[in-house]
Amino acid sequence: MEIVVPVVTPYRGGRVDVDAYSQFIKHLLGRGVTAVYVAGTTGLGPALRHEERVALLEAAASTTKNVIFNVSSLQYEDVVGAVREANRLDIIAVASTAPFYFPSVTPRQVVKYFRDICQKSSHPLYLYNIPSAVGRDVDVKTAGEVGCIAGVKDSVEEIAHTVRYKKALPNARVYNGSNSLILASFVYGLDGVVVSAGNYLPEVVASIREAVKAGELEKAARLQWALDELQMLARDFGGLPAIYEFIREFQGFDLGGPKPPIYPLDEEERAALIQRLRALRERLKL
Amino acid sequence: MEIVVPVVTPYRGGRVDVDAYSQFIKHLLGRGVTAVYVAGTTGLGPALRHEERVALLEAAASTTKNVIFNVSSLQYEDVVGAVREANRLDIIAVASTAPFYFPSVTPRQVVKYFRDICQKSSHPLYLYNIPSAVGRDVDVKTAGEVGCIAGVKDSVEEIAHTVRYKKALPNARVYNGSNSLILASFVYGLDGVVVSAGNYLPEVVASIREAVKAGELEKAARLQWALDELQMLARDFGGLPAIYEFIREFQGFDLGGPKPPIYPLDEEERAALIQRLRALRERLKL
Amino acid sequence: MEIVVPVVTPYRGGRVDVDAYSQFIKHLLGRGVTAVYVAGTTGLGPALRHEERVALLEAAASTTKNVIFNVSSLQYEDVVGAVREANRLDIIAVASTAPFYFPSVTPRQVVKYFRDICQKSSHPLYLYNIPSAVGRDVDVKTAGEVGCIAGVKDSVEEIAHTVRYKKALPNARVYNGSNSLILASFVYGLDGVVVSAGNYLPEVVASIREAVKAGELEKAARLQWALDELQMLARDFGGLPAIYEFIREFQGFDLGGPKPPIYPLDEEERAALIQRLRALRERLKL
Amino acid sequence: MEIVVPVVTPYRGGRVDVDAYSQFIKHLLGRGVTAVYVAGTTGLGPALRHEERVALLEAAASTTKNVIFNVSSLQYEDVVGAVREANRLDIIAVASTAPFYFPSVTPRQVVKYFRDICQKSSHPLYLYNIPSAVGRDVDVKTAGEVGCIAGVKDSVEEIAHTVRYKKALPNARVYNGSNSLILASFVYGLDGVVVSAGNYLPEVVASIREAVKAGELEKAARLQWALDELQMLARDFGGLPAIYEFIREFQGFDLGGPKPPIYPLDEEERAALIQRLRALRERLKL
């Protein structure tokens, strides 16, 4: 029952703040978090410069060995470069989505892509399946054909979808990536979760895990419901920009805001979010 | 933690077999099933004649009071007629989907429809939300506007979607309708499930519930995984036609086959299904 | 370049008004309309009683031989009954959608369904493809496998989708069913259109055809754009209920309103629609 | 009735071949093409390095003033850098998609993004709407809110969708981007098309335009149908990789193949494609 956090990238004054990143990772690891997922979607990974991603990787890897590094990018040189940088370091795995944006990519091309990475990587390769971003589902059949998938982060809000990977690839580490399925992931027998809620409420994610272990399912459900409400609130404000505010509010860490083309909230939006967040926090007793 | 079964309609020689229906319901109630959902999608409800639906209702209601009756039909007279028949009987509730087939129905029209039923029914009304059949989601906001929704059967394979009804309508009875979410429904604090797997493996559904109560989550997950595999097998054969075969195989009840336009399997399909079913049964030790 | 109209069903005081139907059909045939599509989606066909559909069919067939009769229904007896009634009469064809509502129907089952109708019908069978209502696309491959499809009404808003049927089934009569694709259907070489706009502005649909024949493409485009604006207005009011108002406004025919579960507009909605309709009419000079 | 071509990027030996690009553009302009769309989806734009895109831009702009430059990228620095490079040159416009990949971007954020580009660009800004790649539709309402959209390339296979931009933004240049809607775009009164078929059969696209002008609609339809068949063939091979083969076959230009993560066809795929292409070519007399 691992808790992996796709860590938010601190961004301030037009620059990635690597020191804040290390400190934030240490903070998370002290709150029940098992591992970090570097340069994921929550970390704005595919929108970062190569140097920014490498700086994040080095900061994470010098803090913990429990690092999964998302190398996916639309620019092939950056994928290859990220794999090469990872090869120098002692981490758990590299991860990648299928090629995104281009609408007509075939399953055969997807298989070629992942095999290409496996050849270049000295680390295990994890499939990062996120159809809402990529526009296609890398299903169990395609994942199996690749032949070298050692793990899966499945960002699909159906628990049965993720379970199918575990059945088909029993030796792979399989995680669901939905904040709403933390409890389900633990009780359905997955290896864990990779969830953005771990950035702003790692204690709550850890408490769900402990409650499941202790057989306190009602408590676990209550905490899960609370995370769902925060998720719905974040969505009303475009998701990522809200998470920076949540981290300030709940963890006291100021990580700046997202990097364009994901724009930070303007003052009006921010005020509206904070007001709703505080009301929710009080109601949920978080 | 209720287990409601959308009972398969016995159909043989061009006729609904009401006696088999009663006997099958008794059989189910003796295996841990809480209530029956009459003329649901699994029971081919909207494809039945009015007289057939009424006969099923009477057979069920004379066997148990724990009946939810799905009145939805594309023919308004049959909706109204079904409500009127239900008014004569002592059952839990009537249920209905939103109007289906017609692509341009607005939320305002959906609200009108459900209020119309509430006015005509002496029983509580349950929303039957099944976007894969109806073509639209009756979301929490619309459900709330109706003002008289007393329960929800949500056939969406996302547990968070169903939980949202329970949050918004805390006094309503809320069920998920997916075979893959039985375990999730129990641990997320829903009132129960309405699942077609209850037709062919009621003991297994009940065992999941007992395992959850006993804190045996690994056992619960193992049984849930087994049901998922059966579900995938059924889908390869069009879903409903396969369920009749599963019931024969697991429960020893011969309920005939579905009614056109859902055609029974032909011999070739049937042989292929049985072969795969037996192999699966042996592997899963069911 | 045929213009087929899926005729609106006159409904008043809880009854289908057959006389109004006949008179309205005569009116349409005098305004450039080639044939009528009886009990289509616009005519609320699958929501009508068997007797109502038969009454419409008889009224239409006694007015013109150019009748296509949509027999599709979720109730198999009504499909079979409609085919039998049609067999007694001299009409062009019967049409049917694939079985709708049930989510897991396979292509193999769809083929069985259409072959079943072909066996029972003495008329040619037209495929009525309307994925937005049915929930599945009967693609060119499946249509070809049926082996007896003599025509297609394709209600998909992509002209290339419809053209593919004409390529694969060159002997079939192929129509597009979108108000926005009247001009495209004529210039892409389809056999014609089956469009609800033919109910309220048959003269305009006919003018598009004449303009195409005369090579006046700018005029044709201008008229097509005008129909698009009316279509967008209708959608804001749930589609079908608005069409009854359009017919009153443009053709002076009072056909009552739709039949529940498609509810007529209430007074507030009706007033809002009329106001916008008159403003649009003046602007578009219709 | 403009014909804009989203020019394929010549890629060989791991490098963009700028000379081949210039020569190919000259070739196209001599075959009825009005303007070129540089670094579009067909040109693999968002997957190119900044330097590669700038090299393409310079090569195009030194060949013709009729250049629209697609600046969209997931990396904001590259968007801004591309706009800056374009500012130095005499071209028609820059174009951009909405931010892609990230699932939760709100319409408000989309408006911010486009206004940001308008502020930085000395050229008009064209909206590049391609929901199949971006995951969201920038609808007419959002496009209007931006306030500085001077043109639209709409890659949606519904002609009515594109027409709506022209109605809402009558001063904007509006193009459809679908190979199947060349004829429709010309007769519905759009300003033209931006179509990948212009790479391999610019003469045919130009012939459709001439046929429309001459009122020879049957000829236009026949040519349009032929392009549709090629499109379907390309799709079977992942789209982009096939286009390089089509150009070799029809125009005699060897532009290499696509750049990973869009992999070129392997020998087996290539042989299969060529065989089908030649059979199709003979049948269609192209």
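To keep things simple, chains are lettered A, B, C and D as they appear, and every chain counts its residues starting from 1.
Operating definition for what follows: a contact is a pair of C-beta atoms (placed from the backbone, for glycine too) under 8 Å apart; a residue touches a chain by one contact, two chains touch by 3 or more.
Here the structure is a predicted model, which is why all the values come from computation and not from measurement.
Farthest from subunit C, judged by the mean position of CA atoms in each chain, is A.
When the CA atoms of subunit A are superposed on those of subunit D, the rotation angle is 180 degrees to the nearest 5. A separation of 34 Å divides the Cα centre of subunit B from that of subunit C. Once the centre of each chain is set as its mean CA position, subunit A and subunit B turn out to be 36 Å apart. Between the Cα centres of subunit B and subunit D there is a gap of 49 Å.
Annotation for subunit A: no residues touch two or more other chains. Taken as a contact graph, the chains are arranged in a single closed ring, with each chain touching exactly two others. Taken together, the chains touch in the following pairs: A-B, A-D, B-C, C-D. Only residues 157-160, 163-164, 167, 178, 180-181, 183-184, 187-189, 212, 215, 217-218, 220-222, 224-225, 228-229 of subunit C touch subunit D when the two sit together in their complex. By the touch criterion given at the top, residues 41, 44, 46-49, 73-77, 79, 99-106, 108-109, 112-113, 116, 130, 132-135, 234-235, 237-240, 259-263, 269 of subunit C touch subunit B in their complex.
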